[in-house]
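To keep things simple, chains are lettered A, B, C and D as they appear, and every chain counts its residues starting from 1.
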Amino acid sequence: MKTITLSDAVAMIPAGATLMIGGFMGVGTPEPVVDELVQQQKGDLTVIANDTAAPGIGIGKLITAKLLRRVIVSHIGLNPETQQQMLAGELQVDLVPQGTLAERIRAGGFGLGGILTATGVGTIAAEGKQTVAVGGRDYLLEPALRADFALVHAFIADYLGNLQYALTARNFNPVMAMAAETVVVQAENIVPVGVIAPDHVMTPAPVVDYLVAKG
Amino acid sequence: MNAQTLIAQRIAQELRDGMLVNLGIGIPTLVANFVPKGMHVFFQSENGLIGTGPVADPGMALPWLTDAGGKPVTALPGASTFDSAMSFGLIRGGHLDLTVLGGLQVDQHGRLANWMVPGKMVPGMGGAMDLVAGAKRVIVAMQHTAKGRPKIVRECSLPLTSDRPVDLVVTELAVIGFSEGRATLLETMDGVTVEEVVAATEADLALAPELSQKGGAKPVPESAPTAAVGETV
Amino acid sequence: MKTITLSDAVAMIPAGATLMIGGFMGVGTPEPVVDELVQQQKGDLTVIANDTAAPGIGIGKLITAKLLRRVIVSHIGLNPETQQQMLAGELQVDLVPQGTLAERIRAGGFGLGGILTATGVGTIAAEGKQTVAVGGRDYLLEPALRADFALVHAFIADYLGNLQYALTARNFNPVMAMAAETVVVQAENIVPVGVIAPDHVMTPAPVVDYLVAKG
Amino acid sequence: MNAQTLIAQRIAQELRDGMLVNLGIGIPTLVANFVPKGMHVFFQSENGLIGTGPVADPGMALPWLTDAGGKPVTALPGASTFDSAMSFGLIRGGHLDLTVLGGLQVDQHGRLANWMVPGKMVPGMGGAMDLVAGAKRVIVAMQHTAKGRPKIVRECSLPLTSDRPVDLVVTELAVIGFSEGRATLLETMDGVTVEEVVAATEADLALAPELSQKGGAKPVPESAPTAAVGETV
């Protein structure tokens, strides 16, 4: 794990990159990193996330700034700009059931090729998907997802990079921290090694590549 | 009592001690207000919380503690938090005893459509497909009709949320079950006749032998301004 | 969640049942529950666990007492009695790679039909397994596992059934607590509600069926 | 220096700062004793620990803190614990930089057999198949021969652990790589000739252009009582 300035962290990300961004309606999204993506005008991005939040919040800022080419999300209902850009053909929106999205990301980070889920069977979410029967029940084969970068928000990080999340700000962050080539963490609190007890570490240090230093 | 309250109160009668329950946005959320006294029910928010409490008092909100709509909530003693993979493991894995969801249409086999209106409203399915596919019991809370047109139909014109039938639909007029693979009228609300329910329903309705009349008050008319609430999850 | 005596908890388990038992070489195994299984001579059992420990330790006691018909495990190397019973045809031993075993159990508890893993491809562990290609790489389709009972060891349980595990005694316990029809927990410490902070709960109360009362 | 120490010391030269490393039982465990000064390496125990420390002092053992062999260990500052699903997620998911494992046989393409001898030793594969399939880099630590017979062979007579070739085999005689899809002699240990290595190896050995002599001492003879250690994982 290396510490890095916010500016340098975002400068690493090339236009056209695929990003996983933690958060659920903006809660648990690394807001300073999102702001810096807008500041540096990183465009043509693909974002994998639970949702596109709302205008002015989290990933909503990337939508408003028209930095996204494609989003893979479970929900866009609270951001009318996402719908407008989708209908205008400016933004590709891939809708994935939320539990399937979480498992596809986890599979990418846990070295699985994919998972079998009954969610979506018999719906338009099954279109183009392989169906596999196990024990007499039909499941969709949902392939793993990975990204170039994971932008993760933590409540506490220690100097080694061990992470702890707070309450509902955990959401997609731990699975995304496993599923990208480069993992960038913005933490509310940075603490000495040992402050987080081993049993309370939610993301172990070795998977974290960069911890954004306080400004 | 308005239609929403009537529906929420009736659904609350389905709660049992120790249940893990997930409530959708809209009418379903109101069910939490009618948990019978002395009963302990675990409410899950699919963003990663069991033990969701009421909205925080002014000045007490914490940005890291929200419901699935992103609104600040509180946590009750004994609450637990977890990541999204675990949250949907609970939903799909047979651990969620009950989910209550809004509905746009339900077909005569009980199959629900509640996540999109092609060309008009494409919010994404969020957790709805997992909830319907995975919960042990699925109850739909919705007004019986929309702009005068039945929402319990022969065949859904809107895209399905799951091919797994829901267990119960509760409206301001009636309680309809699908345990026999077809729509069965189980109860009419207080002051509502079987004929009124049948007239407001497109799907063929079987009549349960033990058909009873429940609920506390006449429903509000369909044109009440509450009609648009709780239709999506 | 209900509290139950050790004796009543084990009395619930019929001969011939399939049990998941937490632990890794005996560490994190609910030892009093195992002792009571021997005491009540519950036989013809199928056990799903990481290993068969060693004679006199954890699941090793069930082996010695010849209560097992079949084990689904990743390792039997430290228990020569397991090998003897296997070679004598008294015990069916299904060997599963440890990571695959963990994921199959998790899949059973998380409502997945199975998972795709590259582990075992091209080895005898692939025999009889369906191979699925995703993104040009071959994976084995490994189906979910479930059990009638999960016998779980926790370090701390609160009055509602929220669980916390300690250090390496966690191992298979949290995934097994999700994957059985009936979940029985033996905890080292039973504490009032609120003693375990929400972020430190590792198994949420609603999945626990029975907590074994202190004797 | 005995063969085990020689092998472990040479493998320790492959460690890099910040690496996540999993060591098998036997010779591989010894590698932890030779981490270069000032370098920080994370050691994983696959039973659910990163930051595994040395064996506990007398009277300080905790029953809930053990290595993958079930023996009490300590945890270093910054350690973390997790369940078995997470532990193998780290192993399969590309997070484990290096695993060092014992070996029974390695074929000329680098494919390892180290988990069973049909009819004699069937301990189960434990984590070995996941480690070989999943780690970014796999190094086999083993004696060059067993009872005078080569262990680096044309084709394994024992069941394979994985079809993924290992990266490096380090013995008391030599360091052999498989990056070109075939066994290539990279180094001979101090005092060992290329001819000696070739004679003790059944697989065809290519010779690396930069072939060098490494290691600190003559190896102990094969008959040393250490020969049976570290052959399994």
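Basically, contacts are C-beta pairs under 8 Å (C-beta built on N, C-alpha and C of every residue); 3 or more make two chains touch, one makes a residue touch a chain.
Treat the numbers as computed from the prediction; the structure is a model and nothing was measured.
Of the two chain pairs considered here, C-D and B-C, the higher C-beta contact count falls to C-D. Of all chains, B has its CA centroid at the greatest distance from the CA centroid of chain C. If each chain is reduced to the centroid of its CA atoms, chain B and chain D end up 56 Å from each other. For the pair chain C and chain D, the distance between mean C-alpha positions equals 29 Å. If you average the Cα atoms of chain B and of chain C, the two centres end up 35 Å apart. Rounded to whole angstrom, the centroid-to-centroid distance between chain A and chain C, based on C-alpha atoms, equals 32 Å. Residue positions 103, 106, 110-112, 117-118, 165-167, 170, 198-199 of chain A are each in touch with at least two other chains.
Counting partner chains per residue, chain D has residues 49, 75, 81-82, 85, 88-89, 91-92, 134 touching two or more of them. Applying the touch definition to all chain combinations yields A-B, A-C, A-D, B-C, C-D. Chain C makes touch with chain D in their complex at residues 24-28, 50-51, 53-54, 73-78, 83, 86, 93, 95, 97-103, 105-106, 117-125, 155, 165-175, 202. Residue ranges of chain C in contact with chain B, taken from their complex: 1, 106, 108-112, 158-160, 162, 178-179, 193-194, 198-199, 201, 204-207.
Chain B meets chain C in the complex at residues 18-20, 42, 49-51, 75, 77-82, 85, 88-95, 97, 134. Across the complex, chain B meets chain A through its residues 45-49, 62-66, 68-70, 75, 81-85, 87-89, 91-92, 121-130, 133-134, 159-164, 232. Against chain A, in their complex, chain C makes its touches with residues 103, 107, 110-118, 132, 134-135, 137, 139, 141, 143-144, 164-167, 170, 198-200.
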